[in-house]
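Below: a set of structures, written as structure tokens.
Shared between the two complexes below is chain A, which has chain B as its partner in the first and chain C in the second.
Then we have the complex of A and B:
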């Protein structure tokens, strides 16, 4: 049932008809051909890739710092930080979007793909923090202490011991943040200005019935890619947990 | 002392970022909700008028109640559907249950917009469901009630939220010590009573978490109503979006957002009273 709408989209992307009705007419690849000839679309894909990579890198780095602080230290400020950092998980996106719109307007930041990227860091950081934190809980901090006993500085120990051990979790966090940003419409719709990201472009195309088959084939490609990325990052996390348990 | 400075330097950058792009915008929006307008002298005039007209406008209230009702319906139905699903996975699916749960979650990570849109294709007047029903001879002509209605919004959002609701219920059911159920059976307790007196109470934190996970974001939903809701299915989130993107009445939009923010924070507060936040996030 959950996969049904997705499967339907994929089936229709090969259907030789401009309307999406049963029975199917015939097999065609022409909608896929149209995709790769579309400038605007390719621009939107480019914007989304830049926003996605940039915001997930920032979110993963900031989230990892937060995760280390949360798991390794029990100092005052911990619960306040955790509360604030987790809050974007439950605040409706429309509020995040309009509040940043107001802020950017007030301080004179131009609406752009960059502005949307700044917002995406906020929504994906909690995910990065939770993923990395759950990995950090899994191994004791005496490895860091050992490295420091052997002469490493604290930051050296973090960079050369902790971070490498967490690297599968870091990659998984990055991929999940990327998927979130790449897919995010609600906030981006307020902030991108004229640099449409892929979801914003896609939404603008949904109004034109003649573009429908193209949109559907685009949807089929996107869903296949994101599902593959998600399966990979889930596998990565799982394999990492199993190896951690063995060791 | 050393520990403190390390903690501070780790927490500083993410903390600063959260302040600049999460807390500060909320603050600026709060200030905005008192402005008389967005440009010129109106921008610098502060007034309570926005709040007054918000409280006086019965249209807003109607939409607010209607969309709260829609959100509540969605979260109740999602929880009712997700519970048996999670129950089946934990107690009947055996060793593959985590894999099955993952399979359940994976589609939720694919394009939100497209998943909503695919429901438009299914429910639309020349859509899959209608054409299927016609070709099967069950109905004569396309039924218009399937799309652009409150029902369409509810069905679509339930589809979106069931897996998210199932996740915390799944986790709560997994934590239940199966020996308790065995002990109950040994003592002659029938299965349904064991369910009512052991399984259900112990899974209550998961049920509550799942319920709120669906309730809070759907309160602010505006994309789904735009795509499948039509006029009768529009929600409070659409009202806010309208104020900012079309009516360009930003101060009024800010008032509406503050009202929603307040409601959401209240719900989050209730949730954290009901169970520890750290229990929910898992560490």
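Then we have the complex of A and C:
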């Protein structure tokens, strides 16, 4: 039942009519054709990909560093740090968007895909941090000691032991950050300026009823991709957990 | 004498832990002086919390001394991080890298030292052969049994040819039979490779089985340093006597001393004990200690303290008697069975006389 709207969407994307009502008129691929002929839209997809990949890379790296600091070192004020790091999880995106708009204007960061990417790093970093931290807690910290005992420097131990063991978690974190960034609208709408990302572009197109079927067909494609990515990252996480349990 | 493998000079390690608003300071190691000779199997023995693991971590470099210095092969180690020390550790939980197979685990140290591939493969094979796992190279650690993982950890450390190998209760997680077998094997491997082993354990039997030299620790202080026979035969204090093997402690007062032989009053009876160089004053309170297997039981009449058999436990090779002395103290006596002595078993409630040769008992000041 949960997936009924999505299935409907996919069905309508092939329907030969501009209105989304039953009965279906006939099979067509014209909406998909329109989709790939639309330069603006393809630009928006490109922007979204760049923002998504860039921000999730940065979020994963920062989140991993945060997780290592949190799990492996007895920092003073660790709980405060965790609270602050997790704050973006609970602040409504509209408020975050407005406040970042004000901030970026003050410090002179131009409204652009880059600004949106920066914001996405902030919102997705906590997810990366929590995912990686949960993995770090799961294996004994004297593996790093063992590596150093065998001659590796601290960074060598991280690179040769910690990061490889965490790699499934790192990939899962990256994918989750990416999906978050890819369909985030509220903050992006404040910050992208003229480099509309896909969600921003789609909302702007909803004003034109004739374009609706094209948007629907795009949504159908995105749904399929997103679902595949989510299933893949979940599968990774599971595979990782079973191997961790065996060890 | 060559120079010692490890020297610990005046080392103190303080941990401070916050309990609410109070900060408590705990001495994990207290002004320790220790010299570990080259090529020996050396054991740090003590109950949990005595500072033995901390001592090991000080040598490995995972802890830094609060005061004092650690020397390895005559070189001061205070500024040397763990990865540059000529030591390797076998960890309690093995700490094998789960994402690498056995051969790569063993090769880890060599890879970091950039040993050429052919040489590396030869050394890894040698090390795995030494621990009898030559055909397990491509397994993952998770596919091995506990005993096998333990051997991999040993090979991974030994392949680097450290000057000193540190072992932190490596047999703790194995079952009794396997542990016994590994004890013998560890000792063999140590003799074969000739590397100084520093072994940490709380198991006194394990320590006696394997070690050339044992340091008994309590509360961060070394109580006694010696070879197994010395520790067993001439414990320096009550803690050592009690921790290593089983001991009886009998309270008494000094009656007189002459020619290395002390006469001690236990209750109203007099016993003779070798004074063992302890200076004694008449009337002084003192504890004498004697191993249960060094005591002779006989029927009432012969000279020596007398008592009553309180309990008797048959344990196959021996029989253990609990004897209540006239002075009110209970002692344990072990009598070996067989060779016709079975008929000499004493019944519960029977009056007996206990005797020992003066050389087997020792005097301990409190």
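A few points about this structure:
In this section, the second predicted complex is superposed on the first by the 247 of 247 C-alpha atoms of A that agree within 3 Å, B and C clash if a C-alpha of one lies under 4 Å from a C-alpha of the other, contacts with A are read in each partner's own complex, and residues count from 1 in each chain.
One rule holds for everything that comes next: contacts are C-beta pairs under 8 Å (C-beta built on N, C-alpha and C of every residue); 3 or more make two chains touch, one makes a residue touch a chain.
All values derive from a computational prediction rather than experimental measurement.
In the overlay built on the shared chain, the residue A:156 is in contact with chain C alone; chain B does not reach it.
Shared-chain residue A:170: touches no atom of chain B or chain C.
Counting the residues of chain A touched by each of chain B and chain C gives the higher count for B. Legend: residue contacts after superposition of the two complexes on their common chain; A:3 is shown touching chain B, with no touch to chain C. By the touch criterion stated above, A:187 is placed in contact with neither chain B nor chain C. Of the two partner chains, chain C is the only one that A:147 touches; chain B does not reach it. Residue contacts after overlaying the shared chain place A:45 against neither chain B nor chain C. Legend: residue contacts after superposition of the two complexes on their common chain; A:139 is shown touching chain C, with no touch to chain B.
Contact residues of chain A toward chain B in the complex are 2-3, 5-6, 8-9, 12, 19-23, 58, 62-63, 65-66, 68-71, 73, 75, 77, 81-88, 90-96, 98-103, 105-106, 118-119, 121-122, 125, 129-130, 133-134, 137, 154, 176, 179, 183-186, 190, 199, 202-203, 206, 215-216, 219, 222-223, 226-227, 230-231, 234.
Interface residues of chain A, counted against chain C in their complex, comprise 139-140, 142-143, 145-153, 156, 160-161, 164-165, 243-244, 246-247. Per the touch definition, chain C reaches chain A in the complex via residues 60, 62, 81-84, 87-89, 91, 93, 95-99, 108-109, 112-113, 141-142, 156-157, 160. Chain contact summary for the complex, chain B toward chain A: residues 2-4, 6-7, 10-11, 13-15, 17-18, 21-26, 28-29, 32, 38, 102, 104, 106-107, 109-115, 117-122, 124, 126-128, 131-132, 135, 159, 162-163, 212-213, 216-217, 219-223, 227, 237, 240-241, 244-245, 250, 253-254, 257, 260-261, 264, 268, 277-278, 281-283.
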